[in-house]
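Chain lettering (A, B, C and D) follows the sequence in which the chains are written, and residue indices restart at 1 in each chain.
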Amino acid sequence: MTRASLLAGGHQPDPAALAEIRARYHLDDPFPVQYWHWLSGLLSGDPGTSMVLKEPVTALIGARIGNTVLLVAYAGLLILLLGVTAGVVAAVGGRRVDQALTVITTVLMAAPAFVAAILLIWLFATTLSWFPVYGSGTGFTDRIHHLTLPALALSGGYLAYVSRITRTEVRAELAADHVAAARVRGLPRWTVLRRHVLRNAAPPIVAVSGVTVAGLFAATAVAEQAFGVAGLGSLLVQSAARQDMVVVQALSLLLVTVFVLVNMLVDVLNAVLDPRLARAGAV
Amino acid sequence: MSAMSIPMPLRKPAAKRGAAPVAGLFCALIVLVAIFAPWIAPYDPDALDPLNAHAPLSARHLLGTDDLGRDLFSRLIHGARTSLAGPLIVILAAGTAGAILAITAAWFGGWFDALISRTLDVLFAFPGLVLAITVAALFGSGFVTPVAALSLAFVPVIARVMRAAALRERNLPYIEALRVQGFSGWHICVRHLVPNLAPLLMVQAAIGFGYAMIDLASISFLGLGLQPPAADWGLMIANGQPSILAGFPQQSIAAAVAVVITVVAFTAVAERLATRFGGDHAPVR
Amino acid sequence: MLQFDDLRLRVGGTPILRGVTLEVAAGEAVGLVGESGSGKSMTVKSVVRLLPPGSRTEGAVRFDGVDVSSLDAAGLRRMRSRDVAMVFQDPRAVVNPVRTIGDFLTEVLRDQGVGRTEATRRAARALSEVGIGDAVRRLHQRPYELSGGLLQRVVIAAALLTGPRLILADEPTTALDVTTQEEVVAILNEQRAARQVALMFITHDLELAAAVCDRIAVMYAGEIVEVLPAAALHAGARHPYTRALLNSRPGAVAPGERLRTVPGVPQSALTAPPGCVFADRCPHAEARCREVRPVFDGSAACHLLEAR
Amino acid sequence: MILEVRDLRKEFTGVVAVDGVSFAVREGGSLAVVGESGSGKTTCARIVTGLEKATSGTVELRGSVQMVFQDPYQSLDRRQTVRGCLDEVLAHHRKDRSRTAELLDLVGLDRALGDALPRHLSGGQRQRVAIARALAAEPRLLVLDEAVAALDVSIQAQILNLLVDARAATGVAYLFITHDLSVVRHVCEDVVVMSRGKVVEAGPVARVLGAPEHEYTRRLVASVPRAGWTPTRAVSRD
């Protein structure tokens, strides 16, 4: 079955209708030309209309973007708070603590979002019923309630990764000469940790956290699909399965744009945190 | 360097040293299982037995059966094949392409390096999963499409690390000494630069294998990879999801555990290699 | 004021120091000279307990008669911040790269409860004392904006700022050019003399040590093999290793002549033989040198010198 | 003259590293280029050996050139044995492979060390291997870029003796890049003093270091620690 006949909605479509559809969606043009039609539409502010859902892409995205942003913010907060804290604790907390956290992060890093998702669903659907395992919810509190499990599933691996990087960076700073010098000058342990270790380890941690949060937008696909959240990720997956190229193109472009923007934001933040980088960039 | 840096203890905790050989053995075992799956599996993984659906764990069915009465243990064993072959192809393709791009970029420098680096930066902005989903929408689902898309997405990940390393290596005095000796660039690259970068490439490949496995399984889980009735771990997790709510979590849990343990084992081996040869971890995407 | 009493140090089972005995009087400058691996740096770091993890010490380091290993955390901090200061080899590694020179200079004072204005005023004065003009502008600069020589002077200013009674200088000029080295050493000398501060000066350059210090201790393989007055370096050096070091310098012989070298490579405390540490390289070694460890008699540790 | 450098100039994106430098090395001679960091002396060496291209000026070389680097820990391929390293160079220059043992003897390395990897060797031993590798090609000029700076005093003395012997045995000329005036006095006949990219003084070692004429050379000579030396604070030059 060709894409045009799929759109015409029948096994034996009327040839005239088929031709009309092919012309309207430029399906006879070679792929670059099709792409150009879509791109020029996008640049004039209209990403087009879904061929399958017969709805404007802007409306489809508008209805779902709130859930995705909320989910990313929720998961991002978990990643930053828990990940960075665990990393710092592992770096300064002695060997037992470090070993325990290493085991936890190793398992978390290997547990992708969909594995975490089915484990959470199993746990909360059969044993505990603190959080709903399906749907997006309505109103802010209810949505947070619904998004808790997706956010947990989404953040696990990234949280472990951020914690690992934090641990490595903090340990590297702890071993740095200027930290030894600060200790020899008799500064209190906490002052050394705050003013020299954490302050200097911050730029790489911010960079990695930023890339991680930027990547979350793409990763929402799995978490939203697993928990039936109506968001951009699940829309992308469903549109891909229906070969609804107009929506897929618009969404992947949006996700890549967000990824690039967040990365730029992180670069700017890093230049503020580390004056050496600002200078290197200026020369 | 300065005389005052305090050396970190070189000895790893005993537990970690003990874990690497076990992980290595497990990796070897899982590869053997994948290769000899048809001889090991007790049942035909696709044999339906609707009367015996959702059978519990027993001596006949070690892990029970799924919603269609297929033996889960046999499906898990057969699933190892695509679940391992996919990441393997991704890593071989992306590793080869990434290393070649990285080393040529670092070696020639100038506008050639700038061109390759910028192209990789653009490619890097496409998260592997989004790229794979988009490509699946274009060319349809299956085994080949996601593997090809992920291979492409992994090239910049590996190439970035390798380029930085190659650049560092290229500026070491021993390379300059060889240049002064009058050796050709080709000789220096092939006989010195590449062999010295090989351990790092190995580490990158081993780490990347775990990530590729997770990404491919994610795509299967989303229904954009292999299609039923194929026995693939990611697909099994997705197929088992409705049964969880009905109280039969075996299919999803068994496949999930297989994915996690395999990734943990490969990552443990990779980290062992990394501490042995040095090098950084690949950034997660 | 400072006493090393048969100090032994092992790090994770590896011997680093094999019995160091030395005294530093108040206001005195002692040079610690030796090749890499001789343990001179660890000797000095043991004073402020800046030792790698897994270190075990025997013997004692006493400051004002108090064994530093017996100090609790607060006592150690008080000693580090008020009594002893340290200057390191590479100023660029030692000053926090993301903070300003002013932060670096004032943070210890601020921690001791000195107000911000007062701390800044004292920091500016300290900079001008080590010959850095335009102190107010310098306080707002960051380490990468200063040359290595200038930065080392900042480190020295920071060391002097809290009014210590002992400065530990670990190869403070090795990373600097020779003309810059002269300036930094001159400033160190001048400020030390003006304030009556004691100094332990680590270097591998015997002539530099002689110019800066009152006495010189020569270290080899984790031991002090000879202690002698700086003025008597050339005429008074008696230990074969000290003589070997003096003869190894290119300036020791007329141009074109062969240098009188000692064979082999420097030993470390780990590879040291049971007898005299220098026996396997010593041109005068006898049978007993290889078997019996010579006793340090206050000026040298050598069987051949005992006999005379 | 084995090497003649005329009016050499090198710019790195806006910074002039070498500015109108000329010098020459006699057949079998030994010339030192001394200066402090940033003087441009290493850039000159790298241009002579072809590692950098000059912005302008000429380098005339009559015969082959080899180089020994400062850092003995990174100037050898960490995966290559001593013998492998020397064999590779001998084969490349179509020299007799059997000379490996001869080269090891020349630089005073035990033949048994032929199968050792760099990580098994001390800094001095590595620098001997680097010198053997450079001499394997039988060059007419050897550029030594701070080749003894990273070594301990007693090892440095051994290597300096080795360099004097090797020159006597092979007739190779030296271009010695260094900051250490005592080394210059010991092994060189002529010296060029560089400061901020320019040659400030040149001539025979005894004359230039014994009775320096330029103000910078005077300060350089005066700041070397020696018997009876008292460091003084020059006019502060922030």
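Observations
By definition in this document, contacts are C-beta pairs under 8 Å (C-beta built on N, C-alpha and C of every residue); 3 or more make two chains touch, one makes a residue touch a chain.
As the structure is a computational prediction, the values presented were derived from the model and not from experiment.
The minimum number of touch steps linking chain C to chain D comes to 1.
Pairs A-C and A-B differ in how many C-beta pairs touch across them, and the larger number is found at A-B. If you average the Cα atoms of chain B and of chain C, the two centres end up 51 Å apart. Rounded to a whole number, the gap between the C-alpha centres of chain A and chain B is 20 angstrom. In this assembly, the C-alpha centroid of chain B lies 48 Å from the C-alpha centroid of chain D. Each of residues 50, 88, 90, 93-94 in chain C touches at least two other chains.
Counting partner chains per residue, chain D shows two or more touched chains at no residue at all. Touching two or more other chains at once are residues 176-177, 180-181 of chain A. Listed in rising order, the residues of chain C touching chain D in the complex are 35-36, 131-134, 150, 177-183, 185-187, 189-190, 204-205, 207-208, 210-212, 233-234, 244-245, 247-251, 253, 255-256, 258-263, 265-266.
Chain A makes touch with chain C in their complex at residues 176-178, 180-189, 191, 195-196, 199-200, 273-276, 279.
Per the touch definition, chain A reaches chain B in the complex via residues 95, 99, 102, 106-107, 109-115, 118-119, 121-122, 125-126, 133, 157-158, 161, 164, 171, 175-177, 180-181, 208, 211-212, 215, 217-219, 221-222, 225-226, 236-237, 239-241, 243-245, 248-249, 252, 255-256, 259-260, 263. For chain D in complex with chain C, the touching residues are 36-37, 122, 124-125, 152-158, 160-161, 164, 179-183, 185-187, 205-206, 219-220, 222-227, 229-234, 236, 238. Of all the residues in chain B, the ones that touch chain A in their complex are 2, 4-6, 8, 13, 15-16, 125-127, 129-131, 133-134, 136-138, 140-141, 210, 214, 217-218, 221-224, 234, 237-238, 240-241, 244-245, 247, 249, 252-253, 256, 259-261, 263-264, 267-268, 281, 283-285.
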